[in-house]
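One chain, subunit A, links the two complexes that follow: it is found with subunit B in the first and with subunit C in the second.
This part shows the complex of A and B:
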């Protein structure tokens, strides 16, 4: 009996001692920590980094302990701080000398790099972020356009109107690509994976502060429509910052930055980004405006969806890769401005054909840019030829990245219009002919 | 030093565990071997008993072997000594005279006032003996003993015994003893008639559908309630008395041609092997019978419902009913039995499945929710959505305590309300609930002692623990909850998973009357795995539980809805005829 008690005591004491050696000291109360929701990196003075943290102020976000609600009256729900630091983690230490709560990066939603920094190369920062255990891979990587401290500017301008919680703003606006198609799914984890890949190259979401203060300032000169050979801009012909809009929400995300390794080499506008998503297979659905094939200066509005995964194939003809991209889309008609009866079985083919042609030229143009202008395989097309090599060394020696610059592109788009919406026919407005004219 | 080495060896080296299982439920083929073993043990026990009896031969034991004297005055002397007459107030010893065979014979009757039915004693025992003994009876050649028992004592249950101990036992249990001068035997008449509660609604296990009868404190009423449901001559109600002094009557209930004999033998052995002076309730009995007293989970089901007992008996289980307790014990019990309520079989199976899922969630919540909250708020901040995180942070902003202390305060307050509510029944109960729940909860938040999110957690946990069907299991989870809070505060999810792991190992190692507690999932036996969590239609349950090793495995035909099959045949025939 005594022996039994003794054994029990020994076991109990071992158990208690175990607790002192274990991670009990890791324990931190939630209210002892500060949670940045966005983190910005600019090029600081000299070699240093300039880091901006957007820290959520929970009592402002959640309305405080007394259930006061949102009526805190104009006070910002975030606290923004910027400082010069040689590295990311030493910067956090420095911040903790004046921010009272310990910084915890586990809820960072957006990592913003300035364009200057991105063009220089962000490999060391991405590696540092991935090594730290607090960062989550689902944070989005953004590039703030322009020169100077654009990341800081962007973060300072994030003042969401619809949410009290800016974290939710980031989540919502960056996930909206599923129904707009204008930004890329550029998460930290995939950025890192693609950065180290021999084929796929990383991308980031383009972000900027709106350039127009007043609606009189709005111009279309920054739009990319002229380069595409159009007479007028379509909805996607912009990048972040130059969208013709004014309003209280100053920040914009549109288009994407294309990287070669960890260096930014170019940018795609909104429309090209949606083609990028189609080729990637991540295109959800969005409203697409297509010039009417039979009426000039009129539009047909389609709700375009990707029904099947895209098929990508590479064949080597001599030294030149032949890239085949096969895309299947479905569409619902939202509006036919000209009133031409495209819903009928006889005419639906015309619209389908026009849509196919429209999307096909867009995709071809976009892929050509990545081939010739950026030389960066952003879609991971090289993955499909990798399997033809026996050993890794052969594959590395093949040097796909160099080969990609010389590839030919063949795009095949198949569009099926499934539903005409709530109408089966456009009924024209009946007025006297004078008024019509 | 060597000692320390041994301890280390003991802790870290593998060693064969001692054979701890005292009883294993045998398969039918090997029953014989099991029987031999148990009978050996019984012998040992009886030897033990004799030894102890020899050691301490008290007066209590002595009158068991005492024979009844022919002389009435001797008997009266003895009875007076035994029952401490006249100090003892409620014992009645009445002396009277019988006129039988033209002789006047002194006699006496002894019984406890209040435990016996007075009218029966007056009309069926005293009246015939005192008055009707004068009547002329044709056959006068009989012995006095035979004459009295066959002609004079018109009561229906009478035992003639020469053993004083037997008479005393009967008197103690509401009978009366009749002693007659000149006869070395006594009549023990069963005239029980104490005040008792009638058959009432079962309060702790109320159902919407199903019978609304509950057990009462009377043994025979309880056994009759079960027999009334089963109406089977194979149902055996075997009487055993427990308690060296109290000799509380208990009954072992089982269906002879279904139950595994070794199980009955084991229950009998355990009941007879209880060495205790008095026993009051099946709650006490359960603690003397169960395999693992230190396990938090109950290993025997206590139920108020005769239909539930009957159902368990038909499965091949054994029930023990005890005089003075409105709860019957059903054994063996497995983990799954504790999660089922009496209503589960009465309701149609789609509804039951919904209820079962709700119950599973309730169990999970009542056991782990506070622990998970502590783990998340202390260790795993990245696990919750940012909005919730900020809401928790904002609500905790003005709370001065760490979250563990906060949750312990509220859990303690909750336990307080529960305990006070049980001990203050009737009108005060709801009032207490209102004071406790509303005012305490509201005020604690307003005073910034706890955060509002925590009130939700404690409330959900409390409701969850009340929706566990078995009262004992609910209590067990209320206790374990604190352990999980502690583990979570020490090591977060690691601690919780460690706790669950250890609890799982413990449950798997436990046996209830030879049946592994986690059967049929712990050791996998023949059963539909899903059947343990969701219920299939009633006509699909064709077999009795495999782990009980019953004599008859099937409890219904392969096609129990035979009529549906008949219809099909008819249809076919009709079609065939039409074709013709």
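This part shows the complex of A and C:
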């Protein structure tokens, strides 16, 4: 009898505990939640914020909805809403009044700030995002270029064609820097970490909607090639929005926004972003176009990759930092337009030297911009001089950020061309010279 | 606690690990960053070394009291008054620490997942689990600890390995953080981190021999020091100072960052499991010891009837702090600064005086002969 009562009590306890531990106050059914995948912030009226949410429509995502954009006809896999709000969380509260499901931010992949807001400073927003339990540090931070409500404009134009799942679209596009080198790894956690750091400054991915509606509109006037003293643009000489392209996909991510603390102070184009990745040691591989060292107006195309982590060193000469950056790259030949036999043992050195010089000039120019124009150590070069200090107070008193503005840069690039692709040499086409011309 | 209970070194070490390392899943890495900046891991090594030295002294003195717990030593020294005095200090020590940690675990769960639930509801769930655990007694708890520790360690290891891609070794520079002097000054009071060592002084009679006592304590301290140092180091390598001082749950924050491809991410669910297991065993053992010390202090026959009253007292005390900030202040600025006075201070004083008493007694015996 005693045993039976005991068993009954245990079963009753288990039953009662199950009732209490199965969610209770916090129980939320998954179909009662709405998951935004991108969130945009623009300057609102007065002191307000204009917040845009791109919310995934699960039924369309699962069924492979047509296009990802906030488009027409109820076929879209996302729904977009924009509102004016004093703060992020009060905005979410307002959205919850007219969206049938409760907003849950745990799947946000992209956080887009308008350039205007970024140039004013986004510290308060980043801190709010980091404090919230739903935001994840692995979400990407983007800056939508231009004036006005660029973040909203960008989010509304995100209409992926190859992906029915918009979250996957953001993941794939923003991780593509590993094989393009034209954007940076700018996650919320690294932004926050660098925002509060005494050495490294944060960066964000530059985003924009294409300037060109029709192929006849395409112009090279927005390209940065002239500023670099070139006669023609190379693939990386653009920032988001001015790539010479048209098509159904209107949005672009290219280049990066440079911050000083939490305030945007400038931008780097695609090529400069590649160099930034090389100095950071995060450059994966990408196709790089090099002017042919022996044939004018011809190009050599290389698949460039970073073989080793870069070495960064700082030496103080008086009060001036001397920055030494040592970068090792490997390359495979993809194309030699001139047909010159650079694959040969005799000539490979010429191409290697030309590539080294090309990359070195680019890195020096880019680092110089961060020193003189932005005054922002985006690469964390200061980290290599921190070891010379014993205590934190000594390091803070050294005032690296100020010293960085007076740095001299010395870059050494070492390129080794390893493979010539599937051809060991170029055999010229056999035709009349007239035809060739 | 019946005298027939005997357990091995593994169980004792597991219990010590849970008692001393549970803080790693709470705010310990942040507290170390507050104290020593980016040299929190050095401070952890330093306090481990101090604690080891103190433990070796304690262990040497304990040799004369094989098979006796700290209350027996107090009784030997001061009779009933000595036992009651030390017993009351130990009970207060346990009840205060357990109630604060209970509140912290409850608040953590509320912030992580049970956002809408009232804190009293969350704490009540913990308290019920704690009471059930304590009812089963010491032996099932230490055996459960021995089984759970490898699982908990695996969860911790996943967090450490998963964070490797975020490591930045320059984060731990300048090497001495806020300064060597601060570390040296702060160190002794921070040995309070190892306040869980008191549990070893209570389970001494169940460890067969003094050698086991010494071995368990020594290995337990070294492993705890190692785990706490690694936890601190990993946290410092991922986040630079001073942002290391801003996270409420440092190791949880690390687990949220882990992401390898589209499949291996959102690892914090493992963290919550590991964290709940630690909480259950720690709180249950803490409640058990509170009731056990009280029983032994006042020479009561059974400890079980005391478990529910002590559970209610701990639950009620845990509700006293007005906020999480106040709870963390009590933990970081009071308990983790002064708990060493009981763990090392009181124990050393007792053992030294008791050893002197033995010597005096031996002297008298010789004189009488």
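One rule holds for everything that comes next: the second predicted complex is superposed on the first by the 399 of 437 C-alpha atoms of A that agree within 3 Å, B and C clash if a C-alpha of one lies under 4 Å from a C-alpha of the other, contacts with A are read in each partner's own complex, and residues count from 1 in each chain.
Keep in mind that, in the parts below, a residue touches a chain if its C-beta (ideal position, glycine included) is under 8 Å from a C-beta of that chain, and two chains touch if they have at least 3 such contacts.
Just so you know, these numbers come straight off a predicted model, no measurement behind them.
In the superposition on chain A, A:196 makes contact with subunit C only, while subunit B stays out of contact range.
Shared-chain residue A:303: touches no atom of subunit B or subunit C. Of the two partner chains, neither subunit B nor subunit C is touched by A:289. Of the two partner chains, subunit B is the only one touched by A:58; subunit C is not. Contacts of A:394 after superposition on the shared chain: subunit C is touched, whereas subunit B is not. In the superposition on chain A, A:426 contacts neither subunit B nor subunit C. Applying the stated contact rule after C-alpha superposition, one finds that A:26 touches each of subunit B and subunit C.
Of the two partner chains placed around the shared chain by superposition, neither subunit B nor subunit C is touched by A:337.
Look at A:10: by the touch rule set out above, it reaches subunit B but stays clear of subunit C.
Shared contact residues of subunit A, touching subunit B in one structure and subunit C in the other: 24, 26, 136, 168, 171.
Per the touch definition, subunit A reaches subunit B in the complex via residues 7, 10-11, 14, 19, 22-24, 26-31, 33, 35, 37, 56, 58-59, 61-65, 67, 104, 106-107, 109, 134, 136, 165, 167-168, 171. Considering their complex, residues 17, 20-21, 24-26, 133, 136-138, 168, 171, 189, 192-193, 196-199, 380, 383-384, 386-387, 389-395 of subunit A touch subunit C.
Within the complex formed with subunit A, the subunit C residues making contact are 37-38, 111-118, 121, 125, 128, 166, 168, 170, 173-180, 239-243, 246, 253, 256-257, 259, 262, 265. On the subunit B side of its complex with subunit A, the touching residues are 7, 10-11, 377-379, 381-382, 386-387, 389-399, 402-403, 448, 451-452, 489-492, 494.
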